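Look for chain A in each of the two complexes below; its partner is chain B in the first and chain C in the second.
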Partner chain A sequence: MVINLILRIQSGIPGLDQITADSKTGMGGIPENTATLVYGPPKVGKSIFCYQFMHGGLSLDEPCLYVLTDYGIKQLQQNTSDFGWELDNYIEKEMLYIVDAISSISGTKIINTENFSSSSVHNPTDIMVKLGVGTRYISQRSPRFRSILDSLTTLFAFNQELLIVRVLTAYIMRIREAGGTALITYTEGSADVKVETMLKAVVDNVIKLDGEYLTIEAMVGCGQKKAPYKITNEGIIIE
Partner chain B sequence: MLKAILITSLFDLLKKKEESVDYYIQRLYELREEEIETLINLGAIYAEEEKYEESLEYLEQALSLYKSMDDEEGQAYVLDSIGDVYLNMRKINTALEYYREAFKFYSSAHSVSAKEEMLEKIKEVEKIRDAVDIVDKHKSKSDEIPPKFPVEEEYVADFKKISEKLEELIKIIETTHIYDMYFKKKDAMEHLQEAYNISKEIGDEKGEAALLLMMGNILLKEENLRNALRNFSDAHALYEKMGDEKGKAISLLLIGTVYFILGDMGKVSASFRKSVEKFQELGDKHSETLAIDLLNMLYNE
Partner chain C sequence: MKKTHIPKLDDLLGGGVPAGSSIMFCANPGVDCEAFGYQMLNGLVKEGERGFIFTNVAEPDSIIYEFDSYGWDIVSAIENENVFFVDGSSSFIGAPSNAKYSFTDYSETEDVVLKAINDIPDGIAVINNLSTIIDYMGDLETVEIVKKWNKAAKENNTTIIYIFTEWDYEDSMVKKLKSSVDCVVELKTIEERVIVGQGFMVAGASWTEPLDTMILFFVIQPGGVKVYIPKILVTGPYNAGKSSFVKAISTKSVSVDRKAVGAFPTTIAMDIGHLDYKGFFADIFGTPGQERFDLILDVLSKEAVGAFIIIDSTAPQTFARAKEMIRKTRAEAIPKIIVANKQDLEGALSPDEIRDKMKLSKDIPIVPAVITEGKGTQECLDALLKLLYGD
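Up next is the complex of A and B:
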């Protein structure tokens, strides 16, 4: 009997790997080298999901490429620090590459470093260029890495919707080619319904957060699952 | 004896007096027309060869002949041509004087379409003149205005200087701000090309157009005018497609600059005029000033 083994990486969300566990192998988590869309209404924990996914990987020595479009690097550091996940050390150890596409909009003066690039949500091409640089940087450090794009919502606000769908497709392709696992967030209703359908078609896995339940709508090697969750001082916990 | 024969022959010739006078007056008129045409052609050839003094000499002769024939339309035509020669010599005010004179004759001769065309031309050249004047006023009064393109001096473009000025203009387009850092890199063209390929891949037309302008400017700096013009024209087409008036206006300025270097003055004025008009329509004073600044720099270089 041939078993198609789907490699999974730990999600970093307590309880999620259990509900996604394969009945035969017992392995749970996010399928490796895939793209996952985490979507839902505002303020349901989508970004927190991202922090945990990033931190979970970093603590396992899996570097991360983080594309920020909703909040800048300062806020990312502050938000993660609130949960007790300090990023400075990982930045110093070159485990984290950040593309900040929002701080420049507010006029914040940013100095680009070896693992930090400033870009602009107005300029998807530049985001993709920086993403290319970041992917090369991160993939040289580890064949297994994570990438987060938080979120598509702001990109939709500043650009044509179909352009952003093409950006997403190119983004996923690059991360997959480099061997990474991607996570993308999106606020429900911020783009046309047809565009939302396209987003779901482009990714491999779809997870919905609605403030009460986490629903796995689609995932490689895993059926549909639904579980309640809560946001605590330690992040999202599946109950 | 000979005298008698000659007189006899002359009278023989003028036997039908009325008919002969008409014939020779007509013949004389045709010869003058032919002479004028030859003079104008000579003037045109000399102008083409940038031998402006010779060109003006022949055109003035043509003008005198038209005057003697009291041909207003002909005078207007030659005055217009003389104006063109002065424009090529970058003597804008003198050119305008001739154009205005030509306009008067066309009006007097009731040549409606020629009159309208002349008026359009005057407006166009006045815009160039005004643009240059405005910047002159901005300059320090103590500055001596350098002589404008001496006739005998061949125009040699300072590609580096022009490119720097164009860079300023390109930066007016918001999309280009972010690419500014590519310019600072050693292999700027390579980075821009990479970004351009990505913009094409994801269909980011704004980015594509901006990158074409930036790459075009590098090509211009490298004196690769043909490819620079192609890049600027492609960017213009993209801005046209997107309905981006500012982008269109800026790419027109860059196109006009290439034509200036190539010496195609007709296309220079058309590009600059359209561009300045667009900035005026948009109420974009800053861009208008930069356009004028560029024009001034080119005409005073």
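Up next is the complex of A and C:
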């Protein structure tokens, strides 16, 4: 008998690992070394999902590569601090590598450090260069890591849509080969319907958030699932 | 001839790039390719040439900042009107532009660049980035635009440099693009799970028969594109044949073991060699095999881009040690070849048996060899170059 055991990593979201649990093994969570698209309308908790996924990993000593296109590093630190998750410590411990592709657009010149690179949402070539450095940095620390791209929406706003699908393909390939598990967010309706279909085709798992329900539209080794959720001061909780 | 101002590249190109020709730096996503165009422009402007940068990926201010980070002064060239920008970026992020040319609609790209080319006869044009144009204008249209620019450049004796990030485009389109320029320089990554090195290679040039060699480089600020002699590691258990292997593949080699008393005052036991094979240069570092020297494995293996793991095919009891050395030299994370030495001896296991016993993935080549007779060493080098160069 061939057993196709899909390794899963804890999502960091209370309740999500239970509803994704495999009926045979009882294991739940996000399938390791895959790419997951989290999408939905604005203000439903997509970025919060990212913070929890990142923090869940960091607390298990899984480093994280974070590509910021919607908000800069300052905002990320502020937003996560609101939930009581302080990033400074992890940055210092070299558990986080951040590519900030938005702060430079507002004219802020930030000095690059060993685990922080500034890039530009308008220059995908440069983002990929920084990502290459970042994956090397992170994978030297741990063979298992997480990678977050929040979000595609801004990339679509600044670039031709097809180009971003190509960039996403290259991004996912790079993270997968390095052994990482990728999470990508996208605001529904910000690109053409055809492009949305292409996005769903290049990822492995698709999760939709609509403000009331979290729907797993597709996930390796798991059927479709739907559950209500709420956003609390501890982040998203599946009810 | 115009110098490229990229170290080693002029040698590969027979001295440089003829004025009025077109050169494309074609990069795998993840390779620092912009520096190539900027460095070439900077070098030529310093020699008194005029030029412009067409950008659709960064605003002129960011590019000036980048030049400054490399330690290159472009500001005075802009003030002297020797360099100007064609700004296809600012308006798309809602920023004002004070460039000589700027536009708000992609359809203007072709004409604006043509105008700019005509402004700088005998000068240098940098187009960054061609891939952004493709998705806006369409595949075939972009090929046509490139041909028109090249024609205008030739008439004006303007040298035109394209930066092209090769995302997953249709092969046929990429071929057409590459064949529409005079010279293609491929910028590649050396990967084993992650990028461990970057190299450039001339794929073709209309004026010369280029050497089929990859030159490894990194990009630093300040400084720009710097080439380096890569380090190749030779490791494996005690008495597997590492020193003989280093000697066999090197043009010159020194065993620090033997020199320990003379040239080197301490007892750092290692072999050093220099490889010059089919134009590929590398320093070879042979590690000691005995466990008491394991302390220096970490130091020796730093920044290596490839490794040969030498094993004694007749001694399966040492295979666990070989795997341990792969781990200790961090060779899991770089391209590597297993050299199955001593194939001439009785009881030597075949590569398949070795793969099975060592539980090695099938992606790792295992090359049978008899190092003392020079058998298999060339195959080992070819196998490593194949891994490093990619397809």
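Basically, the second predicted complex is superposed on the first by the 238 of 239 C-alpha atoms of A that agree within 3 Å, B and C clash if a C-alpha of one lies under 4 Å from a C-alpha of the other, contacts with A are read in each partner's own complex, and residues count from 1 in each chain.
Basically, a contact is a pair of C-beta atoms (placed from the backbone, for glycine too) under 8 Å apart; a residue touches a chain by one contact, two chains touch by 3 or more.
The shown structure was predicted, so the numbers you read here are calculated from the model rather than taken from an experiment.
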| item | value |
| --- | --- |
| Superposition on chain A - do chain B and chain C clash or fit | clash |
| Greater chain A contact set [chain C / chain B] | C |
| Which superposed partner A:Val129 touches (first chain B, second chain C, both, neither) | both |
| Partner chain(s) touched by A:Asp210 [first = chain B, second = chain C, both, neither] | neither |
| First, second, both or neither for A:Ser119, with chain B first and chain C second | first |
| Contacts of A:Ser139 with chain B and chain C, given as first, second, both or neither | second |
| First (chain B), second (chain C), both or neither touched by A:Arg166 | both |
| Partner chain(s) touched by A:Ala178 [first = chain B, second = chain C, both, neither] | second |
| Among 170-178, 224-232, 332-340 or 350-358 on chain C, the segment whose C-alpha atoms clash with chain B after superposition | 224-232 |
| Residues of chain A contacting chain B in one complex and chain C in the other | 104, 120, 122-126, 128-129, 132, 162-163, 166-167, 170 |
| For the chain C and chain A complex, residues of the former touching the latter | 27, 29-34, 57-58, 62, 65, 89, 92-93, 129, 131-132, 134-136, 163, 165, 167-169, 189, 191, 193-196, 333 |
| Chain B - residues contacting chain A, complex | 174-175, 177-179, 181, 191, 194-195, 198-199, 201-204, 206-208, 211 |
| List of chain A residues in touch with chain C within their complex | 104-105, 109, 120, 122-126, 128-129, 131-133, 135-136, 139-140, 158-163, 166-167, 169-170, 174, 177-179 |
| Complex interface listing, chain A residues touching chain B | 104, 112, 119-120, 122-126, 128-129, 132, 162-163, 166-167, 170 |
